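Have a look at the structure below, then the notes.
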Amino acid sequence: MIALLVRDLRLAMRAGGGFGLGLAFFLIVVTLVPFGVGPQSELLARIASGILWLGALLACLLSLDRILALDWEDGSLDLLATAPLPMEAIVSIKALAHWLTTGLPLVLFAPVFGLLLSLPEPGYMPLVLSLLLGTPALSVIGTFGAALTVGLKRGGLLLSLLVLPLYVPTLIFGAEMARRGVEGLDITTPLLMLAGITCGTIALLPFASAAVLKVNLR
Amino acid sequence: MNLNALWAYANPKKFIQATDRVLPWISILAIVSLVVGLVWGFFFTPEDYRQGSTVKIIYIHVPSALMAINAWLMMLVTSLVWIVRRHHVSALAARAAAPVGAVMTVIALATGAIWGQPMWGTWWAWDPRLTSFLILFLFYLGYMALWAAIEDDDTAADLTSILCLVGSVFALLSRYAVNFWNQGLHQGASLSLDKEENVADVFYYPLLVCIAGFVLLFIALVFLRTQTEIRARRTRALLARERMG
Amino acid sequence: MMPDLGKYAEAVLSSYGVSIALLVVLVWASLRRARRVKKQLEDIESKAKRDG
Amino acid sequence: MVLKVSDLTIARGGIKVLEGVSFELESGGAIVLRGPNGIGKTTLLRTIAGLQPPLAGRVDADPDSLVYAGHSDGLKATLTVEENLMFWAQVFGKKEISQAIDSFELGRLVNRPAGLLSAGQKRRLGLARLLVTGRPVWILDEPTVSLDTDAVAMFASAVRAHLARGGSTLIATHIDLGLPEAKVLEVGPFRARAAEIDDFDEAFL
């Protein structure tokens, strides 16, 4: 299992795209927003937490189809499925690798992008914390979507259509937590809900993803 | 009645024979109760003292909203039956119900928006209920798109069933999330089993007739569409057999 | 015969109109597809029976 | 006996392709599956490897004894030959890859990224993967595609060495592998007959 994780991380680094691409996309979103809504820093400060969450979510979405599609194309998935690893472990590792290459960099760089959007001072900790708690759920849910669409030729758009509604609760609680942080309100409730969603998806969704992937490998 | 006897209708041929017998009656009943309910509601009920004539919209809004949710519940049940017992008719019934449920969701959304315009002064408000229905509609879209995208019927049935299961959990979660996110403008439920707390009798009885009409219409449509899906599936199987030689 | 809908006439009429139109389209589409698929299956079945 | 297939019926895309397939594979034995394109050899191998469920019948084998190699080798273009092999060895809980490298004469290529290999070299690397898994029963689907005659001979000697160690193999192929000791199993006779048209039940045909 560790071998699979190491391989996926190594592949992400060798291919060049893995680590950087999502981050670059995030930066572009953050850069474009002021062009769209105007440069007034009070306005930006008010919407900064929401934009950052949305940007992170879209950057995550962008890289989902790579989670399984490459291994599908070169036959690795067939071979992994017949290897002595349970399918649930394979999809969990895949999700973890995706989070380490996409979600974690987003979390780490979010404060920098917060500066660009004049995120108010008290908002940084809750924002980073909410992203740290929420992005693993995005990766796990995304892996489920990727498993559903892995055999399809033009699955990218369908993948987005399937995954986005599933992202709604995570986005609501994550963005709400970041927003409350900015306004200096109590963040306990959304924090607990967000943590609950993440734990729940990590614990349960791999079974669905594995079942779906087995069906697609038939 | 012996519940086990119900499984006999999981056979496609039996299903078509049985539904062919009842379909005309259900269709007639559906049309009669819809016409009676809507005419009663539209022409023969008074205005509400607060909402004026817009109260007449509930005869469409409430039944369609109910059916939008019940259609998804039915798909959830039939998906589970497919996963557990592998009856093809069950999976096809879920497929047949999805577009009906989606249209019901659209009707609920449209009537809600039209109602909201005079009541709240805006076509669209990010009210928890409206928002939840919008999300439900997205789930219907994704579900139907997944069915349409996969060529192999059994694979599609498996994948959509699991999507329906997972989607149900997330839809429920979204409902709570949306409630938390915005305490809404929407009035409380207009119906509950306890009639005392409800809308007045004058509105209540025609509403019940309308709900019955929508339920019957839904059943008739699902029977008809399931028959169609069964026949389409058999057509594909025969064509494939021809190709195999 | 027509009830007086007052200032909300537009809202009430348009919501009935939109909903009934959607339902009619749904029923019509279902019936049309049902008829087509039934015919297609009958054609193929008779052909398959003929050819063995 | 390491693999026993009894009365197996398999389907592809909802259509029965083979039925009543039965055979046994002994330790140290080899079976070559033959038959025209599209008859269902790949589906049969995938069913035996456990990738898809059979419609009927049984496959009896220790699931920890099988290793499957399909049309694609599952190689990563940006990883070197050594990294690719090492990964599969680790997945199967092994560490030793030098023997596999020697058997398929990959020694000069260990540090080359797999993406820069020729088609034949890739195939050899894919076959070397079988050795590093340490599993006794090889299920191979067209293993000699894009191999030249020398490489086919290399493959044959690797299989022979594997059999001599008590391993066994099930191979679907079109060409003569130069393995006279292998039993040939024609798949043609197991071809499923078309289902009755009136049989309008669960399976729709």
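When the chains are written out, they are named A, B, C and D in that same order, and each has its own residue count from 1.
In this text, a residue touches a chain if its C-beta (ideal position, glycine included) is under 8 Å from a C-beta of that chain, and two chains touch if they have at least 3 such contacts.
Chain identities (UniProt): A = Heme exporter protein B; B = Heme exporter protein C; C = Heme exporter protein D; D = Cytochrome c biogenesis ATP-binding export protein CcmA.
Worth saying up front: this structure is predicted, and the values here are computed from it rather than measured.
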Maximum distance between Cα centroids and chain D occurs for chain C
Most central chain, judged by mean Cα position vs. mean of all protein Cα atoms, is A
Counting C-beta pairs in contact for A-D and for B-C, the higher total belongs to B-C
Per the C-alpha centroid definition, the whole-Å distance linking chain A and chain C comes out as 42
Here the gap between chain A and chain D, centre to centre from mean Cα coordinates and rounded to Å, is 37
Note: chain D sits from chain C at a C-alpha centroid distance in Å of 52
Note: chain C sits from chain B at a C-alpha centroid distance in Å of 15
In chain B, the residues touching two or more other chains are 234, 238, 241
So chain C residues touching two or more other chains come to 45, 48
Residue ranges of chain A touching at least 2 other chains are 218
Residue set of chain B touching chain A in the complex reads 135, 138-139, 141-142, 145-146, 149-150, 155, 158-159, 162-163, 165-167, 170-171, 173-174, 176-178, 180-181
Given the complex, residues on chain A that touch chain D span 2-4, 7, 10-11, 14-15, 71, 73-85, 217-218
Seen from chain B, its contact residues with chain C in the complex are 38, 42-43, 47, 52-54, 56-57, 60-61, 64, 99-100, 103, 106-107, 110-111, 114-115, 117-118, 217, 221, 224-225, 227-228, 231-232, 234-235, 238-239, 241-242
Chain D contacts chain A in the complex at 46, 49-53, 64, 66-76, 78-79, 83, 86-88, 90-93, 129, 133
Touching chain B in the complex, chain D uses residues 13-15, 17, 194-195, 197, 200-205
